[in-house]
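Each in structure tokens, the structures are laid out below.
Below are two complexes that have subunit A in common, paired first with subunit B and then with subunit C.
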Partner chain A sequence: MSQQVAHWLDNLLKEIEGIEVRRKSSRRVRVDVPADALPALLELLQGRAGYIHLSAISCVDWIDDDEFELVYHVWSYESHSLVSAHIRIAREPGVYLSVYDLYQPAAFFERDIHEMYGIHFEGSPNMEKFILTEWDGPPPMRKEFDSEAYINEHLSWQEYNPEWLQELVAEGGGVIIPPEEQRFSQKKK
Partner chain B sequence: MRPENYEAQRQPPSNEYELNFGPNHPGIEGNYALKVKLHGDIVLEAKADGGYLHRGFEKLMEQRLWIQNIALVPRICVPDPSPMELCYSMAVEELCGLKVPQRAQWLRVMQLELSRIAAHLFTFGGHAATTGMYSTMYWGVADRDLLLDLFEEFTGGRVYSIYNIPGGVRRELPEGFLQRLTETLDYIESRLPDYDNLFFKNQVFVKRAKGTGVMSREQALEWGVTGPNLRATGLAFDVRRDDPYLVYDQLAFDIPVEESGDAWARTLVRRQELMESIRILRQVVEILPDIHGPIRAPIPNPLAWNVPAGETYTRVESSKGELCYYVVSNGGPKPYRVHVRGPSSMHAVQVLEKMSVGSRIEDIAQTMFSLDACPPEVDR
Partner chain C sequence: MSRLQKIPVVEEKKGNPLARVFDDLVRFCRSRSLFILHYCTGCGAIELPPAMTSRFDMERLGIQPMVSPRQADILLITGYVSIKTLKRVILTYEQMGSPKYVVGICSCTVNGGMYWQSYATAKKLDEYMPVDLYIAGCMPRPEAVISGLQKLMDRINSGEADSWQDYYRNYDYYLGNQQKLFGEDWQTPTDIITEAKHYELMGEGTLGQHTRLLEQHQKPLEALEMRLGHNIKEPVE
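Presenting the complex of A and B:
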């Protein structure tokens, strides 16, 4: 990103109140905004600065702060820079606005976050299950969901110790392939 | 879509019917399904249905040490695993402020480009099979095997090489490896005219792929399309050049583009990329012997490694498009959060759904393979 573009972007971002801009490197900018200012920020970035590519929306569960962090990564094909906009929303009730009207790829990420974290995005075109179709437990990516405890509670472990494995272990275990039988050394030009 | 959960429903008389395309279908890459609504053989509506390959990587990674995750990440995308290792390693390096030695960076480029060629050969095979040309598939898989032999030799693993670790790479090259690499590259290049005659210029394929699954550049940008699929609509964008990592800014390579944005254009872009990858690898072969030094930066005891708190977003260009990792550390021995953004999370879901509408049922497979959509990346 050229100096001029960087300067111009900084000026543009100042139009949003309560914003905190940190330049991490020449092509990475971190922006922290209040949750209600995010749609305005994305609109500015997309409409006036060419950040037309929504690379991803990431969600982080900060259980100790009782908050979810949503990170919107947007990329500009013109200035070749990536802005990551961070917001925090309350864990309960865990509702936020969809940005589908600005960025169509948001539909997938919002649906994914809804499924994994239980955040509802108002205005998102599809909040149905996608990956965990037959799952009726709590949203599994939340920090309070302990997958190991779930397994121990709901499934039982099987003993698997067949004779051939016992013999193998008694002999010292493992399969040894001599070098001349290894595949790459067989290939002779 | 398990049979016990499925109940047949009587519908009012109509010419429309629903069909489950997948999850076990030769026209689908991996295990993935599309629920399509048809009128005759014209698709009226398509709904992607994923989750058959969900293994919960993001949750698992929160429960493993930073170093253990290296064995986990390549498994996210089966046909092109190397960029996964690299992207994760780059994120950890950035969080720790580790500086990767030059030699390791060149070795990483070599691994990535080999992986790209292998992935493209695999895709050509699959794509040709959707038009009934199985010879290309046998050829592609057989030639990919030669690259896997190289992987086995320099990394120890054929498919999941687990070659990168945060700070550099695991092994030095074996004696005489670059010579064998050159021979394989020469061989692959000498095969390309055969592939052209068999597949890329074959009228069976050309007539079928031209005009199938068309998207304009505007649509591609709107739908979040990246990688070769975006370049097939005429936009020369490549993370390797425009958001460079490793030593890609020191390498000479072109970014192939096509204008028509259909299945044919996407395949041609990959065909030309194969040649560019060979070109990059030849530069690596030439330069690598002159770059000496360590292959990895010193790292703390990996079993008691607390990565400093912070967050980072790393991007690389995989064979399918833009691959990103968002990694958050809270200063502990395990990642606090890892989010994987696979390029196929766009291509296999929204893009495929939209492009299937209006096409014929037999074109779905053609469209999916030309997008090189990789379901394991979507399901994670």
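Presenting the complex of A and C:
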């Protein structure tokens, strides 16, 4: 049964030009789409193939390619299979269309991605701060955001040989990995 | 003559000899009736139910959970303290009645733990409020929690656990660190300086440049609006 569905889905995906379909397993398909073809693909998957559940939208920052990758995961309850649609958009200005009119839960994911990566989704109902309501720095999941530099500026590191630790060291406890082996900024190059 | 000078002279404490006895008694009673407010910020909270319930039974030490900060003695911070959470932790801490004790459980409260590189997590809890005791571990087992709390009881009994006084005496230092993180206009509903005067705990570090900054930005507090029922909008068709 599942093989039939898989075969049928592969035929369906051939209807859209310019997409690359890679079947990972009988229940998992990866589709690489040009950014402008994604709404059509999702509409097709939702309307004709029963992929009615948008599980997640995830985002990857490919800073060397100057691109963001957005991955739309849609699930079908009928064929019990997942389609992951990958698109690439330019990092600047970082604007893409919202799929809120197709999948309402997208509003939630898009708001989250907007907050963490600064991508603006046109047509999404709410682009306000979601979790980082008291954050006024840059979007923190972008690769150019230097977390350690931010900490050096705003927070302070714990001392690694404070007086109160001496007792624990005498008892056989204490710090095993010194910070210079962990912190990237202190690593010997 | 030189030998005579070496004889140590013990100065007896003046005043009512019974006062110390009474203090000892108060401290003894205090250390055996502790109410904890567990501010469960992270994964360490999962070790508290076994520590509280019949397996390890915290109550045999006289320690019980309490629901409100006003009635609690110990503030138990179990896990990472994000900057947003830290604001709430400070609000909670300031609402507690003195004497109050702070226990930081898990590595995260000590040095950030596995969130050492996170932009959103405070690394040193004792910069923002005085901490009496840290229980390190990721996460500490209930045995460690119990042994830590026993140590706190000993410290209360011997009078060493007085870091809550430090918050009043060095309020300027703590407020300065809070302002550095939350911005200059950071303000809590509790007036610590008036409380310090009330407890007669004004120290050299109570007032300073940061408290002056607080006075500049301070807005008078307004009572919260009382509302009954829900104010949910009807969906528009």
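In this text, the second predicted complex is superposed on the first by the 158 of 189 C-alpha atoms of A that agree within 3 Å, B and C clash if a C-alpha of one lies under 4 Å from a C-alpha of the other, contacts with A are read in each partner's own complex, and residues count from 1 in each chain.
We take it that contacts are C-beta pairs under 8 Å (C-beta built on N, C-alpha and C of every residue); 3 or more make two chains touch, one makes a residue touch a chain.
Everything numeric in this text was worked out from a predicted model, so none of it was measured.
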Touched partner set for A:H154, first subunit B, second subunit C, both or neither: second
Contacts of A:V71 with subunit B and subunit C, given as first, second, both or neither: first
First, second, both or neither for A:G137, with subunit B first and subunit C second: second
Contacts of A:L97 with subunit B and subunit C, given as first, second, both or neither: neither
Partner chain in contact with A:L44 - subunit B first, subunit C second, else both or neither: neither
Of subunit C and subunit B, partner touching more subunit A residues: B
Those residues of subunit A which subunit B touches in one complex and subunit C touches in the other: 132-134, 140, 147-148, 182-183
Residues of subunit B touching subunit A in the complex: 1-2, 5, 48-51, 54, 56, 58-59, 63, 149-150, 152-153, 183, 221-224, 226, 235, 237, 242-243, 311, 313, 315, 322, 324, 326, 328, 336-337, 339, 341, 345-346, 349-350, 378-379
Residues of subunit A that touch subunit C when the two form their complex: 132-135, 137, 140, 145, 147-148, 150-151, 154-158, 160, 168, 173, 182-183
Contact set on subunit A toward subunit B in their complex: 27-28, 52-56, 58-61, 71, 73, 77, 80, 82, 84, 103-105, 107-109, 112, 116, 130-134, 140-141, 147-148, 182-184, 187, 189
In the complex, subunit C residues that touch subunit A: 83-84, 87, 110-112, 116-120, 122-124, 127, 136, 180-181
